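In what follows, subunit A forms one complex with subunit B and a second complex with subunit C.
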Partner chain A sequence: MAGTAVSRRLIWRVATLVGARMETPTARTLVLQVPDWPGHLPGQHVDVRLTAPDGYSTQRSYSIASAWPGDGTIELTIQRLPDGEVSTYLTDIYRIGDPIELRGPVGGWFVWRTAQNSPVLLLGGGSGVAPLMAMIRARGAVRGRQPFRLIYSVRTPQDALFADELARRVRDDPGLDLRYVYTRKTPEAWPEPPRRIGVATVNTYGWPPEFEPDCFVCGPTSFVETAADILVALGHNSQKIKTERFGGTS
Partner chain B sequence: MGIISPGFGGRRRSSRPDLPPGQYLTYDFPVLSAGPTPRIPLDRWRFTITNETGTRQTWTWEEFQKLPAEDVTVDIHCVTKWSKLGTNWRGVSLDTLFADTDTAAEYTMVHGYGGYTTNVPLEDLLDGKAWIAYRFDGAELEPEHGGPARLLVPHLYFWKSAKWVSGIEMMNSDEPGFWESAGYHNYGDPWREQRYQGD
Partner chain C sequence: MTDFMVDGNAMAGDLREIFAMDVTAATVICAGCGLVGAVATLRLWGHPPGIVARCPQCEEVVLRIVRAPDRVFLDLRGALRIELPLPS
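Up next is the complex of A and B:
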């Protein structure tokens, strides 16, 4: 934990939406211009605050999907949740040019630093791939040579976030591997039926524990519990396994 | 009041007097932890209080079960914004556990199996404010929620309620624990919205 302290005060900033794109029919990436953004490490998140005209206000946390500095914006990829008070606003209503309050970056634990040289194993479930994407993008931005593997669990091919960008990065970068796990429906001619992530998948497409990879696991609680248990069962040092979960409540 | 979010009406409307600022109500029980869930066999479980001179008191699971337990109903507030009201726990009051502890120190470090740490002032653990809980909602506390036993100190953000608790160590001076070293607030009072350093 040494060296991870964040000593500056986290102030609320008024960001502006300068770009947006749908990643899937239900997930939208917000490109935000944040005044005096101090920069962030891949894996960190921000708190977002919405306020209604009568003063009612509510907050949520979202992982940052982009790498800093990039073009000076930050990107949040929001999965619309059924009855999600904040997520439905951000995916359906929030418009280019509108302000939004946010503060961050938050979190000094679930982060990858480009100076780390160990192999990296990323296990993502659903929209939990967002902070892992920030790591992949940060590595790409500095032309990092660390061997990276992503195992990405999605319900169907249509639910995969960043699919085109990941395909391009894997094609152009021999140090980056990607394996999908489909839990409900597979693409045509996929070699196995739909299934949840299992020991065999992580054993085959992850790194052996002897390589002592840094492991990052992010997704819904059930995915994270399962994936982290698999890593422990395969012999990975639990101190090398960092997890981030979302409860699916917003 | 913050700036208005154009087009935002707010549907959940969970503002109510028993909800701290910035929190929303949840009815399920989200999980937050930094790594894999440790599994601790009960025959190897120990709970240890260590005072500032190094004197230790240790309970086995069997001994711990014989201590007087209390049923408590409390509200819990996670720094990730969810709050859960009226949760039911059974556990041993820290007043009971500290009854024979000889200490003049004012600070504690709470330790969990798996290496987790969090710092809590001693006065926040005593006088009916904290328990070592081992049952939730009438059932054994599940590992993903901190079982076999976790600290329950509900008046602070829930990361202070260390899961898989293994012991409490008295300290003469305050030191940050795991999340407190990673940018989170040293004390963590939800009613003062002390989420991060400087709040």
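Up next is the complex of A and C:
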């Protein structure tokens, strides 16, 4: 993170798409080469700016889903939304070799540092799992021993991002646990019907408040508010709960 | 449904363009109700070039950023105080 200590104006850089993969039918991971990338902390995001030939410009913030091993590329995982003018371009049209304007990394609040020793509770809704995945990957990269638990709410099993990698990491990264919450359709033989995240799930699969975990909650606004309320109701210190929400009304 | 972040976190880029450090991690006191919290926890309305950040408790306007081609307007009317941690 040497670069971020330098007080200089944040600039837009021209990144290039060097790889891409579909995580689900509607979510695409972009692998971007960014010149002179200073490195980032898990949880930080970038601003992406698109400019049309007529000069119309629009920008969005996207969490970085990858950890930073010291060099290489960064990854953004974009969920296509029906009327998302930026997300549909990035999932459907943006091609390998194309440039894009990007600035970052930014955001020093919703971040996890590998030097933090507290247990960590991650609550992710939909594509809100992206910055939490960066934390899980960063922990894996340094073989961190902090106890990590992820409760991941998705509509159906097919909507889960990073499902294979998460299954592998639960097996290979000691101290990482994962519990899914399915809101519309469950896998076969799942022990409970589809439901939204609730007190019982967080109580059973999260950490007790006495462990004083660092809690990170990211997802659509309704998910984040529900999950944060549950944490407070269970007795977690609101100062230890960090949230990041996206989306307007749903 | 929109595809952008809607809390103060999302202002980090626009603020970092103006300030030498990350202001979203700073503590702000709302002039409306006195709530103390991170700038990152404010609720955002709109998106660049015009952002309004409101208090999550009383919903008063805490700060506004308006970006013009050659300048930026920063209105801090609802911030009683901003406390910035200095790197040691």
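Please note the rule applied: the second predicted complex is superposed on the first by the 237 of 250 C-alpha atoms of A that agree within 3 Å, B and C clash if a C-alpha of one lies under 4 Å from a C-alpha of the other, contacts with A are read in each partner's own complex, and residues count from 1 in each chain.
In this text, contacts are C-beta pairs under 8 Å (C-beta built on N, C-alpha and C of every residue); 3 or more make two chains touch, one makes a residue touch a chain.
Treat the numbers as computed from the prediction; the structure is a model and nothing was measured.
**Student:** Is the arrangement of subunit B and subunit C around the shared subunit A a clash or a fit after superposition?
**Tutor:** clash
**Student:** With the two complexes superposed on chain A, say which partner A:I197 touches: subunit B (first), subunit C (second), both, or neither.
**Tutor:** Neither partner.
**Student:** Quick one: classify A:L10 as touching subunit B (first), subunit C (second), both or neither.
**Tutor:** both
**Student:** Contact-wise, after the overlay, does A:L166 reach subunit B, subunit C, both or neither (first, second, both, neither)?
**Tutor:** After superposing on A, A:L166 lies clear of both subunit B and subunit C.
**Student:** Looking at the overlay, what does A:I151 touch: subunit B (first), subunit C (second), both, or neither?
**Tutor:** Once the two structures are laid over each other on A, A:I151 reaches no partner at all.
**Student:** In the superposed arrangement, does subunit B or subunit C reach more residues of subunit A?
**Tutor:** B
**Student:** Return first, second, both or neither, reflecting whether A:L122 touches subunit B, subunit C, both chains, or no partner chain.
**Tutor:** neither
**Student:** Of the two partner chains, subunit B (first) and subunit C (second), which one does A:I100 touch, if any: first, second, both, or neither?
**Tutor:** Only subunit B is touched by A:I100; subunit C is not.
**Student:** Let me test your reading of the model: by the given contact rule, A:P82 touches which partner, first (subunit B), second (subunit C), both or neither?
**Tutor:** The second partner, subunit C, only.
**Student:** Is A:L176 contacted by the first partner subunit B, the second partner subunit C, both or neither?
**Tutor:** After superposing on A, A:L176 lies clear of both subunit B and subunit C.
**Student:** Of the stretches 1-9, 37-45, 55-63 or 73-81, which one in subunit B hits subunit C?
**Tutor:** The overlap with subunit C comes from subunit B residues 73-81.
**Student:** Name the residues of subunit A shared by its contacts with subunit B and its contacts with subunit C.
**Tutor:** The overlap between the subunit B and subunit C interfaces on subunit A comprises residues 5, 7, 9-10, 47, 58-61, 83, 106-110, 221, 242-243, 245-250.
**Student:** Show which residues of subunit B lie in contact with subunit A when the two form their complex.
**Tutor:** 1-13, 15, 22, 24, 26, 28, 30-38, 80-82, 114-115, 144, 176, 178-179, 181-183, 195-199
**Student:** Quick one: which bits of subunit C touch subunit A in the complex? Just the residue numbers, please.
**Tutor:** Its residues touching subunit A are 1-10, 12-14, 16-17, 20-22, 24-25, 38-41, 47-48, 87.
**Student:** Under the stated contact criterion, what part of subunit A meets subunit C in this complex?
**Tutor:** Against subunit C, the touching part of subunit A is residues 5, 7, 9-10, 45-47, 58-61, 79, 81-84, 86-87, 103-104, 106-110, 221, 242-250.
**Student:** Would you mind writing out the residues of subunit A in touch with subunit B in their complex?
**Tutor:** Per the touch definition, subunit A meets subunit B at residues 1, 4-10, 12, 14, 47, 49-53, 55-61, 83, 85, 89, 93-95, 98-101, 106-110, 221, 224-225, 228-229, 231-232, 238-239, 241-243, 245-250.
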